[in-house]
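Both of the next two complexes hold chain A, though its partner changes from chain B to chain C.
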Partner chain A sequence: MSRAGRPVWRLPSVWIAMGILAVVAFVTVFGSALAPQNPLTVNANALFQGPSAHHLLGTDYLGRDVLSRLMAGTRLSVLTALEAVGIGLILGTIPGVATVFLGRWFDFLANRFTDALMTLPYIFFAVAVTAALGNGLVQAMVPVGILLAPFFFRITRAATLEHARTQYVEAAELIGASKRHIIRVHVVRKVLPTIAVTTASMTAAALLAVSFLTFLGIGVQPPAPTWGGVLSSDLAYLAQDPWAPFIPGALIAITVGALNALADAFRDRSGSGRLAPVTALTPPVKTHSTLEPADDERRSQSVA
Partner chain B sequence: MTNADRSPSPDLLRLDGLHITVHHGAAAAVRGVSLTVQPGEIVGLVGESGSGKTLTCRAALGVLPAGCAIEQGTVSFGGQDVTRLPRRGWERLHGSEIGAVFQDPASYLNPSLTVGSQLAEVLRVKRGASRRAARQRAIELFGTVGLHRPEWVYQQIPAELSGGMLQRVMIAIAICGDPRLLVADEATTALDVTIQAEVIEMLLQLRERRELAVLFVSHDLAVVGQLCDRIAVFYSGEIVESGPAQEIVDRPRHPYTQALLRVASVGEFGRRQLEVIAGQPPQVGADISGCRFADRCPAVVLACRAAAPAPVAVGDQHEARCLRAVELLPELVAR
Partner chain C sequence: MTVIDLARPRPPRGRVALARLGGGLAVLIPIVAISSFITYSLGALSNSNPAATILGQDAATPAAVARLDQSLGLNRPLIVQYWDWLTQAAQGNLGRSYFTQIPVAQSIAQRLPVDLSIALLAVLLAALIGGTAGTLAAVRRGGWIDRAVTMACSAASTLPAFVVGIILVVLFSMTAHLLPANGYVGPSTSVPQWLAHIILPALALALAVSADVARQLRTSLVSVLEQNYIVGAQVRGLPYRRILFRHALRNASGPALTILGNDFPLMLAGAVAAEAVFSLPGLGQLLLESAQTRDIPVVQGVLLVVSCFVIVVNLIVNTALNWLYRTGDGVGT
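Entry: the complex of A and B
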């Protein structure tokens, strides 16, 4: 490998995370088609059943097949979470980077606006927005995304501030680099890992937000399945079926964990340095004192 | 240094009566500094920490830290007044007219990018070079600054190179736009003695080949004496002595310069006891009516505390800000 260092895609944690996310992506696309049973079929004779050959993950309080509901619910869960995170990402990160470079007044106003947004409880905000715009998935996720934006904004701004004050940014200014160049090459690249980690955790928060809103009848309407919805309903019947919440819970945790692992690897790779390359351990490189020939060249000349 | 008018060559950099305040105008850290740098000339700024060398350099670079401002005086580059130049104007000057290297090269390079890509990026931005041409030119420049195996160096991140190699990389980046002036702020301070000598030798050769002028900042008078054509000695925000390097090293006239030389012990390694300059410099912004060095001066007289001394000519282009400069030969000053 001519380029020293270990590429991010060679890390085992990245492979595992990518594998998990690939499965989630596959189920997102084909989950409804591949579900072994109809996720909406109620069976009054099979309430709260444990895992069996017929119901691999058991049944819920209406006798519906949990595996089928989780598979069919993957698309709604993932897409709604991604929609909210996408909105928050765009509304939060772009101003987060821009405020650092656009002067104190813009920074002040953006911060006060963010403070105001952070005081809003997202449940009530979502209820108000859906009341105004009509109940639906998009309408419910827009307020969630708007309320995720301050988190992206603050984290991005803090990371940008940190990197914008580094000496290598000053060095870039001293070679005449424009603000745009500095942001693109020295700031955004360094801030991206932080954003990636935040996106992973915000995706988890969005998955949970979908479940809360589903529980309230906002956004995803019952009986349409979502991971959060399954978790919420299982939690309501903890006394009858104590192990049931672990299945959707584990599904959410594994997915979020995979996102976090991927983000961590990305952050580590883009951080203070890459893993020590084998070539760096060998001592072949030395500087020669001036612009004259190197020592070994001089030595060979004197021998001649 | 006010010999510019007598010089036949035009000044590349000219600082005239520069006053710089810190803490949003609360204190003056640089007081009436005037100096010139001519094309191909190496001018050294020496003095202890806090004497105003770095602020003067940063004023010349147009990158004063937050809270600092030029209250009076002008900075001219190539005959153009750049004291109030907007950022876009500085963007044109930086890199193509003025380059800079600093004490800690590791922190002035992006730790997550290869040093080669950082130099190539500069070439692409400043020179509009294609990706391939920028890479080729970057490798050439690494060779120019004496880096062995430049292709290998190109692919390394800063953490994989030694301090000396990183300083060479910084110099390569600083000179890649063919600037006329290089500001080297403590560029050799963090390097060991042998690497220091290599970097100094390299700067001398760059000056010879490219007629590169260098504003060289250091607290080490021995290094400055070895490298520079002229020296300006800073003390408490003022230039207390300036003149040709050899003249300053051989016949210093200001008691502070004399003390600095004794402390630096140029060429003298047999002494068993380290010397210090007794006392402390005045606080930044302290309002002192007389000579700012009076409290530490072994040759102080009553008149020194009465009024601030003006620069006195003590030789050809040699000035000292001391009432007794004419009479104070080095050997007469008590140790």
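Entry: the complex of A and C
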């Protein structure tokens, strides 16, 4: 690859992705204040209007300004996505690092448990939670976060396994470093880039989950705008305005695409040997470490 | 590629598959138990009083509520209720809806075929589209087909199924008037009608998966096509078609099939998206309706059936794939 030589922040895809995400972050913070019009104002004289100078993205079935609705809806969508990612990050990465050092049995159980969790579809659990705890996006995203945790767990575990077997860890042991020190300095720090990449792609997944849930009407208090909510109301009026769903659809796709592009760029970079060595090509030299990582790499790989 | 352990003889493949299946089952039972308990306690967690909900605001006098609690068994300890529910569920009895009194198992059995047919068709379409695109891209790697496939894959994997579904509705139903935009007809009524109603939802689901399949197949097929035995086959003068299908694709299809297999249970969840866009009477709609009315037995039943189904299918798929590509070395991993 020709781009392998360039630093990751010089890649045009990374620039564009960062730009998009910066805009989304800005709108998340200031969106409801900056919205050009009140997102809730109904205007019976301006139904289903196309884009114009007054309504940059047109109006919806109640004559409300679509741009304002999307801007005001950004905060809830983004923050609840981050909530789910935060839950997944904490529940996934800590056991992911720990499992390598806690022995075979723990590792085996943790792996089988995550295998099973990974298969469970989040959407059913999110809906069930709203049935039990009331219709709100904040509680609906808790099961989403829990079901994101296995992905964090797996990747963290794989990365930890790789670093726990390197010679510098062994060297640190020989010098007499404590287990805690080794895990903190030599393992966790090396695993952090991997976790960062995973966080980016999981945020994309969580944003999709939020838009899907709000699209289904979960966690939406009707007049309040959300990305998925705008989309589903557009769907109901396809006959009047078949192109309306493309605006919120594109917004979701662009944001998710930016996160994925960022994750891909960093993953490609780390794959080329700057951030982490490539295990697939250069198997780590196994010598005589007393930090015995559970040795079932093969099993976990074939399951994945 | 993993480090191949040459010193240790590999156990026979049947035993490995059995051990894996056994291990999977051993974990399966606690997982089902845990997830079903979570499922069940979700109902108890809700501070809504089921008896009061059923009776409605006017009739919910304390005495009436107590009587209904008694008859529904809601005044017993949670763990006892859970055990009762689980043993009943194991015999196919998931209780009755609070409101309609229809047995939950019956409504689930009625709606499951909708999602299953969408999910199965989606897997087929994903294999077809992804397989073709991936093979073409690998055979013509570096060419315009390859670049087009790569770009289409990035676009397709960004778009969520419900957005794809809406695009398909706009294109095929609103603009071209070729296919129905909503509704469902069972295969027993009319097979062509059934296909016409599920092809768009299935396509919406299949697109993202076929992008994954195409990408994975392209990668592994490119690396297989560079292997010596392919060159050897070419040198021996075998026709390219035969080399591609019999030698290369067979060895390269492992990872792509794994993606497909792992995604099949998720397709069932994705079918909820398709249901919502195309307003099909599937499990997702049942769940959404019952969540809105807080019809807890229905919610619990759907959740239990879906999680068991997904876990079991996943176990079967994994065991089958591991048996097929059992070696663990070579390109198949």
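Heads up, the rule we're going with is that the second predicted complex is superposed on the first by the 189 of 304 C-alpha atoms of A that agree within 3 Å, B and C clash if a C-alpha of one lies under 4 Å from a C-alpha of the other, contacts with A are read in each partner's own complex, and residues count from 1 in each chain.
Just so it is clear, a contact is a pair of C-beta atoms (placed from the backbone, for glycine too) under 8 Å apart; a residue touches a chain by one contact, two chains touch by 3 or more.
The model shown is predicted, which means the values in this text are computed figures rather than measured ones.
By the touch criterion stated above, A:V127 is placed in contact with chain C alone, chain B being left untouched.
Within the superposed three-chain model, A:S211 lies in touch with chain C and out of touch with chain B [touch as defined at top].
For chain A, the partner touching the most residues, choosing from chain B and chain C, is C. Using the contact criterion defined above for the overlaid structures, shared-chain residue A:R104 touches neither chain B nor chain C, since it reaches no partner.
Touch criterion met: A:P245 reaches chain C, while chain B stays clear of it. Counting contacts as defined above, chain A residues 280 meet chain B in one complex and chain C in the other. Every residue of chain B that touches chain A in the complex is listed here, in rising order: 61, 63, 90-96, 98-100, 102, 104, 107-114, 121-122, 125-126, 144-149, 152-153, 155-160, 162, 164-165, 168, 170, 173-174, 176-177, 195, 197-198, 201-202, 205-206, 209. Residue ranges on chain A touching chain C, taken from their complex, read 109, 112-113, 115-117, 119-125, 127-135, 208, 211-212, 215-218, 231-232, 234-235, 238-239, 242-243, 245-246, 249, 252-253, 256-257, 260, 280, 283, 297-298, 301-303. Within the complex formed with chain B, the residues of chain A that make contact are 2-5, 166-168, 170-171, 173-178, 181, 185-186, 189-190, 270-274, 276-277, 279-280, 284-291, 294.
Listed in rising order, the residues of chain C touching chain A in the complex are 1-3, 23-24, 27-28, 31, 35, 39, 42-43, 45-46, 154, 157-160, 162-163, 166-167, 169-170, 174-175, 181, 262, 265-266, 268-269, 272-273, 276-277, 284, 287-288, 290-292, 294-296, 299-300, 302-303, 306-307, 310-311, 314, 318, 322, 328, 333.
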